[in-house]
Structures are given as C-alpha cells and as structure tokens.
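Labels run A, B, C, D and E following the written order; every chain starts at residue 1.
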Amino acid sequence: MLELNAIESGYGETQVLYGLSLEAQAGRVLAILGRNGAGKSTTLKTIMGLLPLKSGEILFEGKRIAAQPFDIAKSGIAYVPETRDVFPSLTVRENLEIAAKRFSRDGADWTMERVLDLFPRLGERMDNGGTQLSGGEQQMLAIARGLLMNPKLLILDEPTEGLAPIIVKLIHDKLQDLKEAGLSMIIVEQNFGFATSLADDVVVVGKGQVVWTGSADDIKADEDAQHTWLGV
Amino acid sequence: EDIKVGLLLPFSGVYAALGNEIEAGFNLALEQFAGETDATFEIIREDTEVKPPVALGKAKKLILQDDVDVIAGIVSSGVLGAVRDMVHDAGVPLIVANAGNDEATGADCSPFITRMSFSNSQVNRPMGSWMHEQGIGKVYTLAPDYAAGRQMIDAFTASFTAAGGEVVGQEFTPFQKTKDFGPYLAQAKASGADAVYVFYAGGEAISFVKQYDSFGLKADLPLYGSGFLTSQLYVNAQGPAAEGVITALHYVPTIDTPANATFTEAFTAANGRVPSEFAVQGYDAARALIEATKTGASDRASLATALREVKFEGPRGTLSIDPATNNVVQPIYVYETVAGENSLTQTVLAQLPAEADPVNGCEMAPVSN
Amino acid sequence: MAHDLGFWTLQALNALQLSMLLFLLSIGLTVIFGLMHFVNLAHGSLYALGAYFAASLAAVGGYWMGFFLAPVAVAGVGILLYSGLIKRMRKSGPMAQVLVTFGLIFVMLDLTRIFWGDLALAIEVPALLEGRLAFLGVEYPTYRLFIIALGLMILAALAFVLGRTQIGAMIRAGVDNDAMAACLGINVERLFFVVFCVGCALAGLAGAVAAPLLSVTPDMGLQILIPTLIVIVIGGLGSLKGAVAGSLIYGVVQTFGAVLAPQLASVLIYALLAVVLVIKPVGLFPAKG
Amino acid sequence: MLETRNLDKSFGAVHVTRNVSLKLERGERRVILGPNGAGKTTLFNLLVGELTPNSGSVHLAGADVTALPVAKRARCGLSRSYQKNTLFDGLTVEENLGLAAAVHTGNATKLWSDSLVKPEVREIVDEVAEQVNLMPYIHAKVSEISYGVRRQLEVGVALATRPLVLLMDEPTSGVGPEMSKGFHDLLNNLPRDLTMLIIEHDMDLAFDVADTITVLNYGEVVFDGLPDAARGSKLLKEIYLGSWEDA
Amino acid sequence: MFRHTALRYTVLVLLASAALFQAFTAEYFGLEILTEILILAMLVLALDIVAGFGGMVSLCHGALMGVGAYTYAMLSTKVGIAPSVAMLGAIALTGAASWVIGAICSRSHGIYFIMATLAFGQMAYSYVFEAPAFGGDDGLGGISRLDLSIIGVDLNDSRSFALFCLAILGAVYGASVLILRSGLGRSLSGVMHNEQRMRALGLTVWRVKADVFGLSGMIAGLAGALAAQHILYISPGLLSWTVSGEALVVVILGGLGTLVGPLVGAAAFVMLKHELSAVTTYWHLVVGVILIAVVMSRANGIFGWCEARWGARIDRRLADATGKHQPKEVMTDA
C-alpha cells in the first residue's frame, strides 16, 4: 500500500532520516517504534509532504506520492499528528465539517453520525471551541477528523500521548474495531504494549534508519531487541 | 548679458503641483517678455522636495557651485525660513514666488529677498472688514494647525474684531493629518456663528469644501475663506460643492483686464488649463526679474537693488514693491465661485485696494557688498 | 461649549464613519497578515491606487463604474504583485517582507504621479447618495451613512464568510495551522492567493469609497498607512475582531479627541498605541496560533 | 534546598499541577517520572518562574521566591535546561557557555570590558566544555553541530551558571545511547553538593542517578520515595504501560 | 557579537581614505555631501547597533536624532548655553529619552516593537510640529556651530566641519565596536538570539535592552546635534517617521548587523540620492526598485553580498597566512 524506499529528510540543514525504508501493507496495521527523537514523526511528516524529501522515493498504491500535502490528503491518506493540531478558532462541529465535506465521495463509510456514534462525547461538545476540550477529547477529535476523510490509509502519531488510561483503552478498542473492518493503518507509539497489541507488523526506527523489522509477536518475544532499540 | 537663475521649487512631495504651476508661469513670462531686455537667462531648476534641509542644500549648491545671480521660487514658508540666512549672507537676490509667512517680509526681512507673491496677512486682513461690512457679526474659524494657518486666521480675526465682529469659535486641525473634517464641522454648526471663515489649501481644501457641502452647512452657514480654498488649481476637483463659496485672494483668473486676458489666454494655450494664482506668481516673478534687468542690473547686488524698485501692470493689476519690507503691494479680490459653462468659474465681487503690510519689525538694511 | 444630544449623535456617527473607512482598509491588511504572516506595507498604496482607478473610471462611466471596477482593478494589481514578488517572499523573514513592500510604496507612489500627475483629483458623490438623511434626530450626509452601511455590510459579510461558511472555516483553519490544514486536503497556497487578492480588492474598495469624501492625491496611501497600522496593531494582528476593535477605538479617539482635546488630537492616538502595547504587547485581540 | 508547597496550576479548565509539594535536600538528586502531559515541564516552569502558580509557593534555600521574576531566581542559584533546545543558535559553543558564565560572574552588563576574555569567565567555560565533552566543538556554531551535541550544550549552558540547584528537563531525549552513557558519567562527576531535579524517560539512567524518585501523574505526586521502591511499584508500571493489558 | 573580518577592515580603510581624500580635495558642494554622509552614517550606526545586533528594529531613530538636533538648537540659541555644553546636553537628553523608550518597548517584539517605537517617534514629531516654542512647522534657525577656536579650528569652514564630523564618526564607530564587544554587547546578542534563555540564565533582559537603546540614542542625539550644526536650520521634518524609515533602508541596503555595511549604505544612499534627484524628480521610484532588487536577491544588503562572495575567501587566505586555523567542525549525528 505505502512503500518508503531509502528516504532522506530533515529540517532545513539538519538531516534526520538516513535512507529509511519500510512498507505498510493494505489491510494491516504497521507500528513504527523507536526512542524519542529517532525520527518516527519525521517519517510521518515526510510521508505527508510536510517535510521535503531529499532523496529516496515514496510510493502510494504503486505510484509516486504527490508532492503537496493537500494532494496527498486527497489521494486518501489521513494523518493524526502527535500534536493533535485541533484548530483552536473552529468549533468542534467546524473542525469535523472541514474534513467531512471535502471527502464525501461515493461509497464513503464515514459520516458525521457514524463518527459521533463512535465518540459520543464529541456530540455533547459540538459547539465548544477547539481549545475548550480536554486532552482526551482533542485526541478523539483529531482521530474523528482523520476518519471523516474516509482514508484508505490512516496514520496516527502517538495517539495515546497524554491520555488517561481509560481513554487509551477506549481508543485501543476502537482502533481494534477499525482494523477488523479492514482499514490500513500506520501507528507510531511510545507505548510499547499498546502498539504491539494493535499492530500486525512492527518496524523499529533508530537514528533515522530502520533497525529492526518483524511481526508484533516477534518483538514481544524478543526482549533483547526491546532493550537494545527501545530502552524498555 | 547672461544671467543665471536658480529655480528652487518643489517638484515632488505634497506641493509638487504648485511647483509645476509656478514653473509654467515663470517660463511663460520668460517667453513673452524676454525680448524686452538685453539679458539672456539660463535656468537651473532644483527640487526642494518640500523639505527644508534638502532645500537648503539645493540653495547652497545653486549659490556656491552654480554661482547663480538670482534665485526664484520657494513654495513653503518652512523652506523660505531655512534658506533665508543663506541667501542673505551670500547676498544673492531671491524672488519669492509663493511662501507667504509674514516674517519673511517682517522681522526676518532682507534687502535680498523680494516677495512677488503675497503675505499671509495681506490676503486675509481685508476680508475681516469686508465681511463685517456685509453684515456678518459672528464667525467661526478653522485652519490647519501650522504657522501659516495661524497667521492667516490671526490676520482675519484681527481686522474682523477691529471692525466690530465676534469670533465665536476657533479651531486648528492637525496639519496634513486631518482627512475627515466631520467632527469640526459639527462643532462649527453648534457654535451659533453666522458664517465660517477658513484657510485650507491643496488636498485639504478639496476635502474641506466637499465635506462642508455634504453636511449641508452651506445654506445656513455660508463659507468664506482665504482664496486658496477655492484656488483655480483645485476648484474643479471640488465640483458643485464649491459653488457659492466666497473667498479673497490676490488673483482670480476672471479679473477683467487686458493684461490678465493676454496672460490667461497664453497660459491656457500653453498648458491646457486656466492659470491659478500660483501660475501668476511664477509669471510675475519672472516678469519682475526681466524688469530689473531692463535697468541694466546683471550681478547679484545690482539685481537685488533693482528688484526692490520694480513696478509694473500685471494680470493682478498694478504691482509694486514696498521698500520698507520688500513685499509686493497689490489689490485683493473678493470673489464667489460660481458654475460656469462646463466648469466652475469666479465672479469678482469686490476689488479691495492695495495696501502695504505693516512693517512687522522689519529693519531693512540697504544692499551692501 | 454646551452641546445638545444631536451634536453628540452627529459626532458618534462621524466616529463610526471614520471607523468603517479604516475598517475597510485594515481588514484587508489584517487578513493578509493573519493568513500569510505577511506585513504588506504597500496596502496603503493599493488604497491610493483604488482611489485613482475609481477617479479615472468615474470620469468615463460614472461613480458606480468606479465603485465596482476599481476593486477589481486593484485585485488585478494584487495578482501581479503576488506572482511577481509576494509569492517569492512568502518564505523569507518578516524584515525582508517589510522592506520589499516599503520599496513598493516608493515605486507605486511615483507611478501614480507619472500616470495621474501631481494634481489632486476628485469624484462626485453619485446622485443617489447626494444630500442628507434625517437620522436619529440629526441630518447626516447620505454618502457617509452609505460608508457606515457598507462597512457594516462588509463586516457582516466577512464575519459570515469567515465565521459561518466552509470557506471561512477553511481560512480560519489555515490561519490557525497551515500545515495541518494542508493535511486535510486544503490547498492553503491557493487560499492565500485568493485572500491576498481579496485583501487588495478591499483596499481598492476603501480607496474608491474614500475618493468622493476626500481628495485623491499621490501621497494619500502613505498618509493612511500609519493609521491603518495603528488600527491593526492596537487590535492585534490577524484577527477580524482586532480590526473591528482597532478601527472603532481609532475612530472614537480621533473624532472625540478632535472635539474634546483639540490640542492633543494628533498626539492622542500615538499615546494610546503606546499604552496598549505596554499593557498588551501583542494588541488587544491577537489571532491565536 | 528547594521546596515547593502545594503548587497548583491550571490553564483555563485544564488542571496541570495539583498540590505538588516536594522537598529537596542539599545535594539530593531526584528524578521525576510521569507520562507525557503529566505536568513535569509545567512544574519546572513554576519552579523557575516562567509560569506563576495559581496557588502554593516555591522556596529556595529557605527563602520564598514565588514572587521573584525568572532572572532573579536564576541569580539565586536556580538553573534549568529545557526539554526543547533553547540555545543561542547563531553563536558558537564557546559564546553560548560564555553568556551563561558572564551572567553568573556579573560581567554580562559591563560596558568597558569583554566578558569572554575575563579569566573568571574563561575558567568556567573551559571547565564546563570539558565536563560535557564540548571541547572539540568549542568554536563551532550551534547551527553546525548535531542534535545530540546540542543536547549536551543545553545542559552545559545550564551548568555554566554554576547553580546551586540544577533542573534538567529530559536531558537525554534525542541523545543517542553512547552519548547517554557519557551523560551518565557526567552526572556522576558533578559535585556531590549540587542539588538536582531531573525529568527523565530513560529508566536505566533514572534509576541509576536518582537518590529519590517522584512520579507525577495528572499533575499529582503519586509516588515519592527511593528508587528501589519505585522499581517494584505496580503503579509506575501502570502509568507507563497503560491498563488495557489487564483487560 | 561584532567581529572585524579582513573584508571589513579592508572596506573600512577604503571608506576612511575615500572620506579623507574627499575632505581635502572636494569643493564646497562635495564637502556638503560628505558631511551629509558622515552624519547619516552616525545615525545608521546607532540604528544598526539596536536593529542588527539586538533585533530591536526601531522606527524612532529619526525622531531621536531630531530630539538631539532640537535640544542642541534650543539650548544654544534660546537658553544661551555654550555650544559644547549644549551638545553634551543634547546627547544626554536624547540618551535618557531613548533609554526610557527602550525600557517601555522592551516587552514588544517584531512588528509590535516597530509600531511601539513609531508611536513614540510620532508623538515627538507631532509635539514639535505644533509647539510654537520650537518654531512649529517653520522650524528654527540661527544655530551656530561649536567653537573650536581654542585649538585653532574654525568649524564655520566647510572643510573643517567635514573633517570634524569625520573624526567624530571615527570615534562613534570605535565606541560602537567597543559597546558591541563589551559584556553588554555580548548579552545583547544573547538576547537577540534567545531572550527566554538569557532570562533563565539570570539576565535582566529589559535593562540590557534599555541600556543599549539608550546608548544608541546617545549616538543618534550626537548625530542630531551635528545635523543641526551642519544645516544651521532645523525643522520638524527631521523627526518624521520617514527619516527613520530611510535610515532603516540604508542599514538594510548596506547590510544589517555588519556595522561596516551601513556605512557603505549611507555613502551609497546619499550619493545615489543626489545623482538621481539631479536627473529625475521620480528618484524615489529608482530607489524603491533598487531596494526591492536588493532584498529579493536575498543577500544581506550590498555589504552582506560582498561578504558572502569574498568574505570567507579573504578570511581563509588571512588565516592561512597567519597559520591560525579554526578547528573544523566534525559532523556527528545523534
């Protein structure tokens, strides 16, 4: 579905990714793990076109991915950033609508009703401003916004950061449901247990390169790898 | 003999239009009258940008580098103030073609500075008594808050109150920063005056006259002013709003004399527009220079002396120089702006006699060196 | 001086009218800043250009032709500026942008002088809006009421577009966080372009509207620049609320200052600006994000 | 040495620190653990004065410093490093350290002499550069050094004010394992009387350098004790691992 | 922090020799232009100190210069104080005023700082413009120059005055370098690069900003006192924001934060202005186009462009010659 071939990228002068390659397969969940600053978020930002690709290539459904973030989004990739990036001057409803109305194509699964079904709390907060939400609610909103784009691939960066365990559990269950419904996902997580219980495949990133690849079960069993690459 | 003339005018900045108008008049006079004298003229034009320091620099250049025999021009009083000492000390005759600050022919007068335009009090003083004669008892005044604005209004106020009138309110608006006169007009309306007397010029005059009309004040509260308010240069931009405004000035294009007819015809032919008072000031400045050279004067000192004695019949009537101050002595015209065939024109209501300004502290030394 | 109620009503209307004129000007500038983080000092020059276009067009086809076409023409100039200069300057620092637009002020000032001359121009108020209307117990010039109405309409329209429609939500999203907006499939660059042109058109409209009221002179753009900047800095850069608040404050202080403390009139607004910045270094209602 | 009493801070409706009371003895090295968003950085900001608490107080060496501005507290001997590098990017490593040392030695506002050539400043710069392994980069600009080196400099700048109390916010985040180890050595080599408060996600390091451990969760101190106790704490595991595993 | 590079020394020497040559050979008008350049150079040095090295982009330096000019004129003509004392008074008063402005504006940044300084400048302008005591719109004349007859110099002679200004500019440049290289100067650059961190290190940031702004104001005041003596006539236009804007343009055209660049900029600007305004009244248009071109070229002004082209090369050659090598950075990745 999505293939990264030896990509290099970074911020201005500072290069962060050094020839990183990975592949996310359709209908499966890929977890990207790694220490702080390993380059996980940078990888996602590069996929979304938010950072310039210095070399290497990114293929989405076999074709070279578009250059501009808005074209990438239109081609069917939804991104939930680690910073959530809820728009503060938009209400919850508007936050959802600007995603929903632009992607209501034929055969779309996700509608406002379904999303509100999924996160009933958002329904109670429809007219709240984006900043008047708790951290958990913001995270729900960011995920809901991603879903409303009816993506072929959903990218989540640290979806559990700063969330109460109970919400982590909720999100875990919902993502599990989505996975079972056949949605492709890439998840970046600090939370090892969360990631491995959700993912099919795992890559570990260290210093801007993939240092370990395998299945979720493999890494759960491989304490050595965990220790070496994740410091767990 | 070849006489080098420095033409010191603003060709950019807020007064660029005035500079161009004066230059056009100046050139016209040279064309028309150069034949009357043996002298030939070489013109060196410099742009003051209406900035006193720049103008002073340019004056220094004209005097010290180009070695001119005479300088003509100067639009703003600030610029005149800046170059005054320079020309005085250098002994270069200066023919002022606009700047009207009273001091230039008062406390700061110089035998080298001859003013062919007007002085601020000269054009406003007669209006005070004239308006009172017309039966106006109470007046509200408005003018921009700068030296010229205050001098114009003070001269009017002095003669108006001397004649028995009462100034019921007086406001000075921030100079060149006031675009909207609404607040002041409401004040004027509430003041209980019989009429409003103002001094505004240029863009401010256009805005003022139009806004005055739009507030409907003209009917109850007739608008009078110093004639720059409805200058020929701007009056057409004011449109019908200017109709019925009565002002006084040293020149109106519709003065009915042969000299003026020749002038307006020639100027209109050359420039495609009816001349304004600024054009005539330039015209008469050049004319004065030519008259001076007719006496044989050709160097700085002799020109200065000759300029003080010029007297001729121009578009504005008989002009002479007051030997006590070196200011021009000229009649003042009260006129009403009226609708003409396809543009606004002026009807002269009264010609008030020429009157020399008071000496105002001028101690005129004879031309030395 | 004792003044009756009518006097104060009149002055309040004057204040409102001035505010609305400033609002028309500052809103374009503040929207451009809010969306693009671009300080366009040449905004005042675009206003002057609008007045000149309006004057020329009015001479050909009457007031309304100028009124409707001048903003379009200025938007056209905006397109040229955007594709020639602004687009390339988007990524450079604010200092560079300030200077380029500062240079543009000089260029546009002299270009208007070359094309239209130094003489002041003027437009007649259209027949429809001539005269005065009795209003709240006072007679007030219809044209000024028209400006107030137009300002309120533009305010309402912008508040509606920015506050209620999809496009408005997209623009506000772009203001909040342009990278994330792009990730939702919004072409932020194109939105910026449109907004820049709309900002220019609004400047042009302000010029066309101001022309019959004031005189049209080459330096009118330079003269209005400082008041406009004061408005948006007092209000806080980039927010509609700030532009409204700034305009109202400026209009009220200027109008009532002229009446109540005429000696201080010209210093007052600067003193106010200084005080606001000392108390709130980023203005009263700065845009978030 | 450093003490907080019932520190409380909320941003609007978001309650970030709740009644945090901590007490650090002179020379104590305490590590703060807690999930993202637990309020650790906020606590630091409250301690150094970049944020003002809604209630509660901060005491430094026995004196109440709650009302003092950032700069004054810093001059009282409180120094911090930032989670996100907060360096002088256009300047060299030497100048970065020099600025800190100049403020400490009172040379920062002298008009008649250059601070960087003062012997007392040079001494600190050289010593700190040595301590945090920055000698090879001493003349390089910050923009030219790698992220890990910058993280070291981040701590170096904080050290160069010769603080009594040093607050370090995730000093090893973004630092590779080798450098992490080097950092470990650095901490062990710092004078024992330096009081330290460290926010850290690296468990190995945390348990190794800590005299005591505080765990923050939702702005609340949920654990305060010795490393050994923490290591065995189910609570800590739960905070880090989440609770769905139990389900 | 300011450093002299080989290129900077070279340009300085060239500028100084050109100025000396001009001062000894030029005719009257050439001396006028030279003096104008020298005084503008002082103003832009003052501005570069705050804007280029402290990030405080000020739009009130023109007004500060005006305050210096008016203080000098008022003290020497109206109050009757000796010109030398009046000059010191002008420097002190302008310094004090700008210290206060700096202190008040120290919390603002970027465009807000620009606007805050503009507000103070315009207040001074409006006040002077409307105050009859200061001559109002018409300005003040009758100013006399410093009396240096004790050392046998007659400043009323243009050549002596130009040389006098050149000497003062030299002193001002030296003082600027000293300020920037002092502890205060270093702290200033720290504040410009990262204000938050400087505060966390224990620096009272507003004091540093105010102190430097005050020092810069003293230089502006000195320039103003000299401008008054040069033109012998002052008008409120001197305080107008466009003067500050022009000074800023000169600093940027020359090269912000290079100290030498603004000197080049001042010379280039004044000469360009005189040449162009002799040719066309639309010279602002040409200046505007040049400004846009320079900024769009993405170089840091004329001098910045030269530094980018030749600076490194010259330095390297010099380093090779003296055998002083800076350790080359080893790029290691985290």
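Convention: contacts are C-beta pairs under 8 Å (C-beta built on N, C-alpha and C of every residue); 3 or more make two chains touch, one makes a residue touch a chain.
What you see is a predicted model, and the numbers here were worked out from it, not measured in a lab.
Any chain that touches subunit B and also touches subunit D is listed here: E. Set against the Cα centre of subunit E, the chain with the most distant centre is A.
Of all chains, B has its CA centroid at the greatest distance from the CA centroid of subunit D.
Chain centres here are Cα averages; for subunit D and subunit E they lie 41 Å apart.
Inter-chain centre distance (subunit C to subunit E, centres taken as mean C-alpha positions): 33 Å. For this pair, subunit A with subunit B, the centres built from the Cα atoms lie 77 Å apart. Averaged Cα coordinates give subunit B a centre that lies 36 Å from the centre of subunit C. Residues of subunit E in contact with two or more other chains: 126, 129-130, 282, 284, 333-334.
Residue positions 113, 266 of subunit C each touch two or more of the other chains.
Residues of subunit B found to touch two or more other chains are 12, 16, 145, 174. The part of subunit E that touches subunit D in the complex is made up of residues 1, 178-179, 181-184, 186-187, 189-190, 193-194, 196-205, 207-208, 211, 215, 326-327, 329-334.
Those residues of subunit E that touch subunit B in the shared complex are 27-29, 32, 36, 126, 129-130, 135-139, 141-142, 227, 231-235, 237-238, 277, 281-282, 284.
In the complex of the two chains, the subunit E residues touching subunit C come out as 57, 104-105, 107-112, 114-116, 118-120, 122-123, 126-127, 129-130, 241, 245, 248-249, 252, 256, 282, 284-285, 287-292, 295-296, 298.
Within the complex, the subunit D residues that touch subunit E are 48, 50, 69-72, 74-75, 79-80, 82, 86-91, 95, 98-100, 102-104, 107-116, 136-140, 144-149, 151, 157, 161, 174-176, 179. By the touch criterion given at the top, residues 166, 169-170, 172-173, 175-177, 179-189, 287-289 of subunit C touch subunit A in their complex.
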